[in-house]
């Protein structure tokens, strides 16, 4: 290309006799550099926006006096205070999450499989219906539950009432990943293979479908646990003084207590959800509310026929 | 194709439990809620609601806020997402983790984060005091709510953008560059249109979440005028179940309408991401 | 290893999918221990027929599938005791090689010791001992194919069904495995139905071949019958290459643009067509040959040279000669064809 611009000096690429091409190239690369720079600034600023308050609250939960900052010394007394006052909420959150998980596993996994394997209009309709509690505001779902079941006071006052709300909200997050895994064409052929070897439907489901749907089930389980522990919109409306979950307790402390106590409580929350989030990231799991595709966990070894 | 390995009776049996739970604890209650909200006269009650100035102002504020958050989130997340997905650099995984771990924070925690940043003892207030002599405290207003909604929306949309960006066809960009397009033009003419369906879907979800968000507003103050807060006050302070029910239905319908509109524009991607 | 084998009978079996008839009512009898090949292009209904025998599809009303004397039409696949090998093998990724091969036996609740013995037997037969404990993702294509076969054979099926088992492999491996497959099927002696679109597989493996096209059986016969006496144009064109001579009957010979060919059987008058295979024609001295033409193209293919000859008949004729022949374009040549090699099609 240089020789076209300066045919008399093919070897002199840096000769000053070629300003137009060089200048344009410089201009291009500096525009690209500007764009990249701007991208970095935005990304790092966003990162700061997200991370700094978390760091601040962790520090606040561990310092003696927030207003004087870290200089006032580190202490665990706020964590201690929170634990004495609110440990029941932590346990309740865990129990509710566990119960929600069990119910969504029992109802969501079979439903995910059935919906993935029946590509009819009815199955698509059912899938969309199941997503509605997530798409529509949680407040509405909570009010609806109160309208119908508020009268049954034994049920209303128990933790089961909250579990029910959580199940309806988290069910799609179990059904969807399971359905995604079960929808692969390979699974159907595997089932035909198992059937040709004599396996009945139940045998096929337990020995072939469930093990091969495991990635979807694990993804769904992590999502359900994380969502249940953090659920507030529904739970706030449904709770009673006896059934306070962790987020409900958090709202209490933010409103009424010292900022150090609120921060300590938040630290507890982080401790509970962080392992789940890390596990989800590590497995490349479809995170709730995003619909992103899973990265391929576990490379398929594509051996070339080399016999 | 009639599938002999999955007979009909098993299909029904497998879906039945989930459907039963859904019917008993969501669908029927929602129908009951509509009934309660109608208070005997469906049309009149809703007409009264929809013409009530205070409620409609609240709804309008909610819609405006959600739309603004969606727009800002899309821009910021696209910039960050493109950088994360398409450039390899040391510490990328760590940066991605940092940007996405606030994903599962409930609204209350996000509210607390906003207080940390912009509350009376907040970081921004302290910085602004040092720089301009005036303490900026905006946590307990619409601006604070805006920041809060940004906080929980950005990580979600970044994840979606990263997923879409990783599926971009590099040969299209190379073709554009071979025809002389600058980086900026490639971004506008090739990359953004390719990302558009994913962005629309993510934006719709972001909008829906912001419309229904309650925890953040609750933490920041009970007198920020968004519709979820109005519903809450009607229900708890005024014990006005009918109005609360009616407003929730209206909120739900508006949200659902936006999602359906977005889905018709992108073809099915939205329901999957909701 | 010898397996019990039974005859299979299909009577008036048709199949309709969503209003489209993919298989016309067909009758088929497969003898015990016979290897029957279903051959045809994609969409011809061969896989549907196989799946009906397997029990993965039910024939339309009026159709009947029988294994020996037993009517199995309503019997689901789990109870038919067939061994099936799928095109992509359908190996279970959650089980290792041993687990896959032993799956059918475990379903039958055979004792663990017996499962182990039988799996070892099959591992030895398929030369897979070295891979017994591996997960299937670590196997090459040929190894997976052998595991799929071993798995199908372990529970001693009475019928073996193979759905294009070699199609997923690359060409060289396919040729090598075809011979092994042939030896195995002979040794087993089990009734086998083999679906393929590859002519070479059909010829080598089939005791009889069923050529199918557009949901119908075009012809059933031995490989030689199919090749030398095709019943219809579809069969003849699908199996090997065919040359067409169009002309007029005159005095017991078919007269065409480049000469005349004598036909084995007597004819009357009128326009007619005769066909022959490229390898059945010989080059001869133009003066004494049946047909005269000119070489338009000579393609060296290694073991043979394919000559395209024009002017001998209305269409260009393809003639295969042994490789060590070099002829230039434009050379006038003569073609002779033995009368028994001429094929008349309906």
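The first chain written gets the first letter, and so on, giving A, B and C; residue counts start at 1 in each chain.
One rule holds in what follows: a residue touches a chain if its C-beta (ideal position, glycine included) is under 8 Å from a C-beta of that chain, and two chains touch if they have at least 3 such contacts.
Keep in mind that this is a model prediction, so the values were computed, not measured.
S.K.: In terms of Cα-based centroids, which chain occupies the most central position?
M.R.: Most central by this criterion: A.
S.K.: Greatest Cα-centroid separation from subunit B: which chain?
M.R.: For subunit B, the chain whose C-alpha mean is farthest off is C.
S.K.: Going by the touch criterion at the top, tell me which pair is linked by more C-beta contacts: B-C or A-B.
M.R.: Between the chain pairs B-C and A-B, A-B carries more contacts.
S.K.: In whole angstrom, what separates the CA-based centres of subunit A and subunit C?
M.R.: 53
S.K.: What's the distance between the Cα centroids of subunit B and subunit C, rounded to whole Å?
M.R.: Subunit B and subunit C have C-alpha centres separated by 59 Å.
S.K.: For subunit A and subunit B, what's the span in angstrom between their mean Cα positions?
M.R.: 14
S.K.: Hey, what residues on subunit B touch two or more of the other chains?
M.R.: 4-5
S.K.: Hey, what residues on subunit A touch two or more of the other chains?
M.R.: 192, 195
S.K.: Can you list the subunit C residues in contact with two or more other chains?
M.R.: If we look for residues of subunit C contacting two or more partner chains, we find 56, 76-77.
S.K.: Considering the complex alone, what residue numbers of subunit A touch subunit C?
M.R.: So the residues of subunit A touching subunit C come out as 186, 189-190, 192-200, 203, 207-208, 211-212, 214, 300-301, 303-307.
S.K.: Which subunit C residues qualify as touching subunit B in the complex?
M.R.: For subunit C paired with subunit B, touching residues are 17, 55-58, 76-77.
S.K.: Could you list, by residue number, the parts of subunit A that touch subunit B in their complex?
M.R.: For subunit A paired with subunit B, touching residues are 28, 31-32, 35, 38-40, 42-43, 46-47, 49-54, 56-57, 60, 66-67, 103, 106-108, 110-111, 113-115, 117-118, 123, 126-141, 143-145, 147-149, 164-165, 167-168, 171-172, 175-176, 188, 191-192, 195, 201, 204, 226-227, 230-233, 236-237, 247, 250-251, 254-255, 259, 262-263, 266, 269, 273-274, 276-278, 281, 287-293.
S.K.: Could you please specify the touching residues of subunit B with respect to subunit A in the complex?
M.R.: Going through subunit B, the ones touching subunit A are 3-7, 10-11, 13-15, 17-22, 25-30, 32-33, 36, 76, 79-80, 82-84, 95, 97-109, 111-117, 121, 123, 150-151, 154-157, 159-160, 162-163, 167, 182-184, 187, 201-202, 205, 208-209, 211-215, 218-219, 228, 231-232, 235, 241, 244-245, 248-249, 251-252, 255-256, 259, 269, 271-274.
S.K.: Within their complex, state which residues of subunit C touch subunit A.
M.R.: For this pair, the touching residues of subunit C are 54, 56, 76-79, 81-84, 86, 88, 90-94, 103-104, 107-108, 137-143, 151-152, 155, 161, 169-170, 173, 176.
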